[in-house]
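In what follows, structures are represented as structure tokens.
Both of the next two complexes hold chain A, though its partner changes from chain B to chain C.
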Partner chain A sequence: MIPVLLITLPIFSGLMAFFMKGQSVKSWALLSSFAVLGISIWSLFSDANLLSYSQAWLPSLGSRFDLTMQDGLSKLMCLLTALSFPLVLISTQQNSSNQSPHFFALMLLTQAGLMGVFLAADALLFYFFWELALIPVYFLCSIWGGEKRIAVTFKFFIYTFVGSILMLVGILSLYYMQDTPSFAWSSLTANASKGIYPNWAFWLFFLAFAIKMPIFPLHTWQPDAYEQSPTPVTMILSGVMVKMGLFAAIRWLLPLFPKATEQFAWVIVCCSVIGMIYASLLAIRQDDIKRLIAYSSIAHIGLMSAVIFSGNASGMGGVMIQMFHHGVNVIGLWIVANAIEQKLGTRSLSEMGGLAQKAPTLSILLVVMSLANVALPLTNAFVGEFLMFNSLFKYNVWLTAVAGISIILAAVYTLNMVQKVIYGEVNSLTEKATDTPFNVNFSLVLIAILIVVMGVYPQPLLDLTKDAVTQLFAQQ
Partner chain B sequence: MSQLVFLVPLFPLIGFLITGLGRNYLSKTATGYIASGSILGAFIVSCLLFSQVYGSGSGQVFTLFHFIQTEGFSIPFAFQVDQLSSLFLLIITGIGFLIHVYSTSYMHEEDAHHFARFFAYMNLFVFSMLLLVLGANYVIMFIGWEGVGLCSYLLIGYWFKNGDYNYAAKKAFIMNRIGDLGFLLAVFWMLAKLGTATYGEVFSQVATLSTFDITAITMLLFVGAMGKSAQIPLYTWLPDAMAGPTPVSALIHAATMVTAGIYMIARSNVLYTLAPFSQGFVAMIGLATAIFAATIALRQNDIKKVLAYSTVSQLGYMFLGLGVGAYTGAVFHVMTHAFFKALLFLGAGSVIHALHHEQDIRKMGGLKKQLPITHITFLLGCIAIAGIPPFSGFFSKDEILMATYAHQPWMYFIAMGGALMTAFYMFRLYSLTFLGSYRGHTDAAHPIHESPLSMTFPLMVLAVLSVVGGFIGIPAVFAENAHWLEHFLAPVFQPSNELVQHTHLDHATEYLLMGISTVLVLIMILLAVKLFGKDDVDVKKDDTGIKKWMANKWYIDELYQAVIIQPLHIFSVLLKNLVEKNIIDGAVNGVGRLVHYGARQFRLIQSGQVGNYLLFMILSIVVFILIWFNDATILRALNNIF
Partner chain C sequence: MNAIIVSAVFGVLMMFASFLVNNKNVYRYLAIIGLSVLLLANILETYAIWSIKFDSFLQLSFERFGLFFNSIAIAATLFYVLLSGKDIVRVGNYSAEYFVLIFFILCGVSLITSYNSLLMLFLGIEIISIPLYILTGSDKKNLKSNEAALKYFLMGAFSTGLMLMGIALSYGAVGNFGLEGRGVVAFGGSMRVSFLEVAGLLLLFISMSFKASAAPFHFWTPDVYEGAPSVFTSFMATIVKATVFIGMIKLLEARTGIFGPTWQIILPLMIVLTLAIGNITAVFQQSVKRMLAYSSIAQAGFMLFALWSANDMGREGILLYSVAYTLATVGIFAVLVKMKDYTFDGFNGLAAKQPLVAASVAVFVLSLAGIPLTAGFFAKYFMLASAIKSGAGVWLLVVAVVFAAVSVYYYFRLIQAMYFKEGEAEMFEQPTNSFKGMLAIFAVLLIVLGIAPSLLFNYLYF
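Then we have the complex of A and B:
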């Protein structure tokens, strides 16, 4: 029941939005996103029988319309998806992209696709939603994006689409390898223990997920796409969409290929750790605030991917809560970046300065987001990073020491950003700046409260993901 | 009553929230009262806790809630109140309170909302330090550990319009983070080997670990201490931290932050006693830092820089003490140093305040008449740090030095050299500031006058403490069993003392060393006063030779710039412009172009000649038949490849 609502509601309201006119569509989209958030919160407390839905879909292929919130990870990811859309819609009211009904329609369709990815318990359905999430984003970026949007969006689309096709090939080959072909998650994973799935199929899936995350060196689409997308879409891309790759790796890749995961973990972990340092060093060199956040995000995702493939139970719990927290925090950073761009008309850090005098509230909130970005203790990001580093340490001490350098580098690029944006003297550009409107502050304060509360008392989220972790390790 | 322990950090936290959130609404007076009052509240509770620990002679652990509970380990949000932490609580909140009171006057020129911002940061600073000290496991300690790093960042960059100050703030945070990484790795190591980070459990189980593990843990922890307590090679942030307002320096140098490293090692004393290599390393780094920083302090002309290098040097002595097993001595020196260093910094602040932000001692002189209270208290502070009996610095430093002599006589003589330098540079500072004749410019509209009572009162209290504070640790050579502090802290250091029997010097040697060192220190003081206290002291002369190296801090900042920062800069530019753009993204675009090119070539196959089509048809059929009959072989081949 709940999974169906989470998907059909945004589809329905999205389709309706295409036919709406004027300002009413804003309220409509906001209303829809709040309804979805409400349902998602309800899912945390509801009975198990409300959490799954199964219906015949393509009987000739043995594929069913199977949606389940099978564990805390699904719940958490749905919650992230449900929470991020109201935040994005509220905080970007003033953006020029947010004036067209089509924009909101496509955004809501994206939300439906994302929900589907986190809920599908059937491989073909999973693939369907995986693509459904991508297609509206393609249009959003190529219509409302920056100057180089056509070239960049094309690259982004082709790059991730190649990954998707590889995954489809992988799904189909696994389908035929079973004694009784089925796309059901339960059947596919149950057969995994027989060791009938070949290693090359692992790579087909892995590439699709790795491009999405992204794992070094498959990341080059991301900074361009983040930079050129309209900022509301960037928020969804980095806040929620990259979690598709991480989620899929945990939900599908690990249970389907336990042997291959173990065998190839070192390659993936090494790539991830190199990516952490590499992206951090590049982040230091960025002048465009959006590109800086993009590289910072790649560095953070690197740690998560490293732990997914090498982690122990506590580390995996860390990954799961960090997927949520990273989503919230990075959206916070984007909101600040967006507010600054709206105000100053530039994203170039070298042209900024002195905002602490002109926009004190925004500055304080930027500092809070930045502290979460460097995973300071008592912010939400600390607990996840602590658990993940701890788990990586058990896997390999030296890799942890190298990966740990990213903690230092994170302080370098984040504080650089803070210094260039809010400290120093006011210049001719920032002179006219004023503090941000209520809607922006509201979203940021909400995120700031989440950051601190989850940082001081992280146990509820850890408890929520416990069943997912237990299940994962029971299978292996 | 000790359940009230949560109130100790709670008061400053509430103070932080009120002054921070209400910064646009509160008057300066209200801000001052709230911020100082919150620390006073914490101090009163700390006194109660201290008296209880003193009375019962035992410590207690209070768990507030489960911070992280996960597969394999559990980290409670717990506080430990025992001899060591309750003593530190008194130092932090007591001196913190005096600094807050002082700041209400010192910062009075600031706008009301900046004034409130300042006190919000100060309260947060004390809060973080209290968490650090109160934590009952290494993770809670780490929360405070990073928290003080953050607060120092915020306070050093308090005057945020100035780019240099921001740079100094950033440098402090990043250098601290390097140390923090070491600390964090040590915690992971503990969790991996012992499955716990709680003090009690770690200390009781540590004996089961191999020497390698203990050495690794202690060395990594010490990396953290190097950052936080400004030891070689991570000390360069502390002198730059002078960019913050002067009371901040007093807070960082005396009550919070830099003593964290000492506290951590004193707390982990069992680990260090079991890892002789690490302990020796701590002693060597401490000794080297003590001497090295003292040489730099000899030639600094900024009143706060001299004091900053003096702190680095004194911290070196504390680590030397820890390294030679004189744990009580190190903690003792933390305490006396907190008294006189807070006094000296606040005194320097009073001078700077009176001279309207002049910090160059070459432009001071003869201030003893205009600033009588500041002068007397500052002089007492100088005598205390120089180590003249019976001032407090004498007892604590003597305890460390004697333990060093018992450990290794050659280390004692080097350390003694540093102590002589200390006396010299402190009295150079004193003489240039207060003796001789005034060398600055005079402004009739703003005559130099003594600071108000809210500033001089903390100076007087601290001066009294600097004079008498040493009597809680009278060495056995003067009177048996008069070392109150040693008895008080005995339970904390007992496990270490059981492991290692320290050799005690015979009284004759001790008297001899004490006598000689006191005489030499007095000579140094007289020399400094004679050289720099005269009316016509020449301060314009440029430093040459080795003095120039000292004045330029041995060019260590420049060295770091050339060896670490610059190469990293070049490397990252290389990554951005070459690797990212041309190699990785180039490869991705190359694939795209290849497909494009391939498609163009492929198009030519559609030539329209029936013969070609037939050929392709037959070839395709052959390929398909081959695959049809050999799919198993091909799958196997694929499997072998991947």
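Then we have the complex of A and C:
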């Protein structure tokens, strides 16, 4: 029952929002996102029988409307989706995009699509939601984005669309390889153990996920898309949507193609590590704060994808909690970046300086977010990153050594950003800067608390994802 | 047999109406009534409640599949007249005659869905083609329309020649026109395929590919579709094209074996060629109308999959494809007719001026591109799934979906123009509320079929 609510509630409130007028829609969207958050928290404590739902959908095609959030990974991802929307909506109240009812309607529909991806237990349904999450985002970015929004969003759309229809071909070919064709996750994975799925099908799936993550040679859409999207959407894109790729790799790719994964892991791990270094180096050179965060995000995702394909059980646990933490942290960074942009009207680091004097609270919070981005001990990111490097180390020492450089580079670009933004002389532009309004501080403080608490006491999340990890490794 | 007779009768009735009454609205209402009656008659026959019967000497046979397609074609025409009726009567001075021709085309459609002999197939194709030549040239004062009609006629006559040649050769092989027993023939004590039959069926296939505008027989399509009055383009690009595919499937589905392994090369090659030419050329078009013409070639490429797979799923798929493609294309054309500027830029800013119209067009475009939640997705899905079920190589599917991604490029330009660009989007007249309502119904139908495509098939096999 809970999975259905998680999807239908945002769809319903999103459709309603299309017909609303004026300011009431803001409260409506916020209310809906809080309700979803409530349900998502409820799912952590509820009975197992409430956590899945099955309904005949297309009997002639062998597809069912199957949703499940039995394991910790789905719960965690739904929680991230549910948590990020209120944070985003609260902290971007003043943005120019957040004034139209259509904006909120499309945002809520995006949430429904994301939830569907994390919940689907049927391959065709999964594909459905995978595409559906994209359509509202396409409109959001193209309507409210920056100057080059139309071309950039289109590139993003075509990229992901190509990936996803290749995945559709993959799904179809797997479907007919079974003795009794079915799209159900359980049936597909049960047949996978017989080793009947060929390697090229692995690549059809992988491409879709790799584009979404994105992994090194396929990442070119991402910095542009992050830069040009309206910031609330960027937050969702980098906080939640890229997790779709990582999640899908864990949920579908690994159980479906254990052999192919083993065989090709080195290619993917190498690409991921190259991507980490490459993106980190590019991040150092960025002047635009949004692009800097975008590249830093590629570097972080690179590590996660490397561990997904090479990792041991503890590493996989690290990836799962890191998916959550990276989502929270990066949204925190975006909120700061957005606040700065709103205040100063620029995103260029070279024009900033001296914010510590003019906006001390914001500066402190920026430092907290930045330290979490560097994965300093006592912040939440440290736990996941440690587990992941540990696991990568066991896979290949040399790759770990190269990947390790990215930790240093992360410190370089993040601290460089902090330095340029909050220290230095106050210039004419930052003269008028003041501290941020209550709603921004509220979200940031909430995130800061999460960062510290989860950094000191990570056990609850590790416990939550334990069953997903065990299940994954039991199958292989 | 209901559809054949009732449509012919209404065709004649409308002809009389043209000189008995002199009121364009009356023609339109008469046509709507006629189409409703026709639909009802066909449905009655589908469910074996009431039908006109006489012995056709095995020339015709009525199966559920064909009858069901009749219903789709008639219902689509009814929707088409409801949506664009006012634009049809406005094309020229002979308003009633346009409806007459449409009724005759429907008569040809029902012949093609029920033929049991090559002669009837020929009759059906001709009854469809000749009215289409006239409709193409119906904008008499327009040079382009004249050119298109002449071009269409000349090329069409040529393909008719090929078809007759094919039928003659085929007849020579077996000694009759019947569909049954086609393919293999007793020859010197053993069963084998006659060369005449192979040549004959191949010629038939080619001439029908011409009508369906599959590459490399597509050259007439862009010019004819662009030159013809837009209202009629939408009719011939959708209902007529789908019918030709039904005819092709009926003819070749069980008989592709006689072509031997060559068929496994010819058809995939044609599919790839059709998809490539249609999609890639459409990318470069500036006029929406011309883009739709090329995109209709591209869509034909997908429909060819049904012929390749030759299984039940392909048959279901071609029905769904016809519905999805027809609704979307007729809808877009209905809006296009009202635009002053046929280029993409002409649609700039439509969303701000006409939110409902723009939203409907967006749904049509998404459906044509095959995005989930619209009928277009399942249409393409059925085609791909049926092909893979029949053992198609995955490379073919990958090529097809890559071209589907290319199609997103040009379809979405329309969405970009309407929603993301500033502009005036001038129209000849403000769309009436009933027009907007019909468009919205089209869009809702597409979405409903996109969530539950089985709704359509539940009536096919009960």
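In this text, the second predicted complex is superposed on the first by the 476 of 476 C-alpha atoms of A that agree within 3 Å, B and C clash if a C-alpha of one lies under 4 Å from a C-alpha of the other, contacts with A are read in each partner's own complex, and residues count from 1 in each chain.
Everything that follows uses one rule, which is that a contact is a pair of C-beta atoms (placed from the backbone, for glycine too) under 8 Å apart; a residue touches a chain by one contact, two chains touch by 3 or more.
Model, not experiment: these values are computed from the prediction.
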Since both structures carry chain A, what do chain B and chain C do when superposed there: clash or fit?
-> clash
Which partner does A:Ile135 reach: the first (chain B), the second (chain C), both, or neither?
-> second
Chain A residues touched by each partner, larger count belonging to chain B or chain C = B
Return first, second, both or neither, reflecting whether A:Trp200 touches chain B, chain C, both chains, or no partner chain.
-> both
Applying the touch criterion given at the start, work out whether A:Ile158 contacts chain B, chain C, both or neither, answering first, second, both or neither.
-> both
Touching A:Leu166 in the superposition: chain B (first), chain C (second), both, neither?
-> second
For A:Ser60, decide between first (touching chain B), second (touching chain C), both and neither.
-> second
In the superposed arrangement, which partner chain does A:Gly146 touch: chain B (first), chain C (second), both, or neither?
-> neither
Listed stretches 200-208, 434-442 or 614-622 of chain B, narrowed to the one that overlaps chain C | 614-622
Do chain B and chain C touch any of the same residues on chain A, and if so, which?
-> 158, 200
Give every residue of chain A touching chain C within the complex, in rising order.
-> 57-61, 127-128, 131-132, 135, 139, 142-143, 149-150, 154, 157-158, 161-162, 165-166, 168-169, 172-173, 175-176, 200, 204
Complex contacts: residues of chain A adjacent to chain B = 155, 158-159, 198-200, 202-203, 217, 220-221, 278, 281-282, 284-285, 312-314, 317-318, 354, 356-357, 371, 376-378, 383, 386-387, 389-390, 393-394, 400-401, 404-405, 407-408, 411-412, 415-416, 419, 422-425, 457-459, 462, 469
Complex contact set, residues of chain C against chain A = 316, 366, 371-373, 381, 384-385, 388-389, 394, 397-398, 401-402, 404-405, 408-409, 412, 416, 419-421, 452-454, 457
Chain A contact footprint on chain B (complex, rising order) | 65-73, 139, 142-143, 146-147, 150, 153, 157, 160-161, 163, 166-167, 170, 173-174, 177-178, 180-181, 184-185, 187-189, 191-192, 568, 571-573, 575-576, 579-580, 584-585, 588-589, 592, 635, 638-639, 641-642
